[in-house]
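Chain nomenclature is as follows: A, B and C, assigned in order of appearance, with residue numbering initiated at 1 for each chain independently.
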Amino acid sequence: MLDTFIAALDWLGITVFAVTGALVASRKQMDVVGFALLATVTGVGGGTVRDLCLGLVPVFWVEQPAYVAACVAVAVVVFFTAHIPESRYRLLLWLDAAGLSFFCIVGAERALDAGTGPAVAIMMGIVTATIGGVIRDVLGGEIPVVLRKEIYVTAALAGGLAFVGLVVAGVPQLPAAATGFAVCFVVRGAALLRGWSLPVYRPRPGRDPGDLGL
Amino acid sequence: MLDTFIAALDWLGITVFAVTGALVASRKQMDVVGFALLATVTGVGGGTVRDLCLGLVPVFWVEQPAYVAACVAVAVVVFFTAHIPESRYRLLLWLDAAGLSFFCIVGAERALDAGTGPAVAIMMGIVTATIGGVIRDVLGGEIPVVLRKEIYVTAALAGGLAFVGLVVAGVPQLPAAATGFAVCFVVRGAALLRGWSLPVYRPRPGRDPGDLGL
Amino acid sequence: MLDTFIAALDWLGITVFAVTGALVASRKQMDVVGFALLATVTGVGGGTVRDLCLGLVPVFWVEQPAYVAACVAVAVVVFFTAHIPESRYRLLLWLDAAGLSFFCIVGAERALDAGTGPAVAIMMGIVTATIGGVIRDVLGGEIPVVLRKEIYVTAALAGGLAFVGLVVAGVPQLPAAATGFAVCFVVRGAALLRGWSLPVYRPRPGRDPGDLGL
């Protein structure tokens, strides 16, 4: 039951991230193979780095190629339907938010399952949730969403903290995972809707951080 | 005999990719150590990611440092001879095409050898063939060749598909590898000579994909 | 004693690289979570790739989460104090030089310890010393310090060469490590103070390497 639930979150996360990769490909007017490549690296990138760092090799998509097939199928569908949504970038950001929320739980759960402590599990949730999007944006020539001013990594941190905290406190993993997912999605969603952000670093008055000291 | 043949393809791929890395270094007017660094990461980058994902660690160049030595030697030679060719960028693209063709076979063969299924093997061929060039272009500040409009990843896909398809169909690996190499090189070469490309994603008429939804 | 010494170098390297990551975050006016993320990937990035390539998994910070905690703590301190130094970029370059010198020794020592030959050990020193900074600069949108004209990778090469050469020659690891550190720091420091550089590649007279052949 739990395994099924986590596996479902994993599939959902991979699928929505694959869609975001294909949407970036559509913004760059790539061909269908470019769509498949960006969809796949975005969908499986975060989990790959997680598995490598935890020593879980061969990595998950080598063991279960269905993940790669799903990313390719998603890419083909998006190639023929990406003209439908009003704003592809807005859709991309919301799907990315969903993927972030799925993966901060899946990554943390995989790490706990591999025997790490809670701090490393939260870290692995963040790694799993953010790296696919970073690869997507670097390959696609977009500004990495992780560098945008509104809250992003913080949402994955909050979701992972909630999930791992509840598990450590003895709450069963299923409600803990659902809570963690909700926390991450609400925080990131609020950031998207209202531009929520944390206070940023402010240099001394009258000092421009960009070019001093160059 | 087969092992020797695949090993030869591997050495050829590493060498030509090392030359492309050194040529990018020459375009950026680096010093000889910069040449050696870019040549080495380009030459061994794809195979390193392949070995990591398959769980073949330590990775191949840790086991056989001669690969690294070869990349460094190539870099030194290019440092003193890069002024000879008429167009270094044109040369770079053709050597990159050769490396792509060598590596899409070597990567797939290594994966089959490690016991993966055919789909993962083709994927590993693509990973091995493209990641070295991506690292080279990102580090060297060039537009990644993988993002260019003409056919690129598709050639590696076609070569891997031909090779793995023939092997699965019972053809001995040697002619299968030679065929796969030829398929990839011909497809990519035609793309270079004639600008072959697949149909790209087209947004709705009158709609500019670049800035809508930002 | 030796273990303690190498562990101390490792901690010093991680800490100074974490500071450089946080300084880049301050130049980009990120929030405190962005500081923590950039500090952590810069501090542990090089060692992570080293451990992966050597097959030492789970990687070091999964085994000892205190490293991650230290990077986060460093990031918080820098968030509140980065306005103090006159020139943050100058400070960043000097701390980066210190980190480079610590890590070219630590990386080489870890590789020798894992049973590699001297050439691979020097290579691992360079990998460990440079990759954290590359990730930092790519994520932070800075020009990678590894691509700057003055000597950089060469310093890590010189330090690793001195350390591994002395160890192979029978010198105890402690003085060998101290010498290697000094060599790297002096070479890189001289490059920073006096703009030392190696001769760069020169195209034929009257030929501009940047746009010919495009």
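We adopt the following convention: a residue touches a chain if its C-beta (ideal position, glycine included) is under 8 Å from a C-beta of that chain, and two chains touch if they have at least 3 such contacts.
Note that the structure is a prediction, hence the values are computed from the model and not measured.
Asks: Edges wherever two chains touch, nodes for the chains themselves; is that graph a line, a ring, a star, complete, or other here?
Replies: Contact map by chain: complete.
Asks: Rotating subunit A so that its CA atoms sit on those of subunit B: what angle is that, to a multiple of 5 degrees?
Replies: 120
Asks: For subunit B versus subunit C, what separation do you get between their C-alpha means, in angstrom?
Replies: The computed centroid separation for subunit B versus subunit C comes out at 28 Å.
Asks: Show the residues in subunit B shared as contacts by 2 or more other chains, in ascending order.
Replies: Only 52, 57, 138 qualify.
Asks: Going by the contact rule at the top, pick out the subunit A residues touching subunit C in the complex.
Replies: Contacts found on subunit A: 52-55, 57, 111, 114, 116-117, 119-120, 123, 126, 134, 138, 144, 146-147, 151, 153-154, 157, 197-204, 207, 209-210, 212-214.
Asks: What residues of subunit A sit close enough to touch subunit B in their complex?
Replies: 25-35, 37, 40, 48, 52, 57-59, 61-62, 65, 68-69, 79, 82-83, 86-91, 138-141
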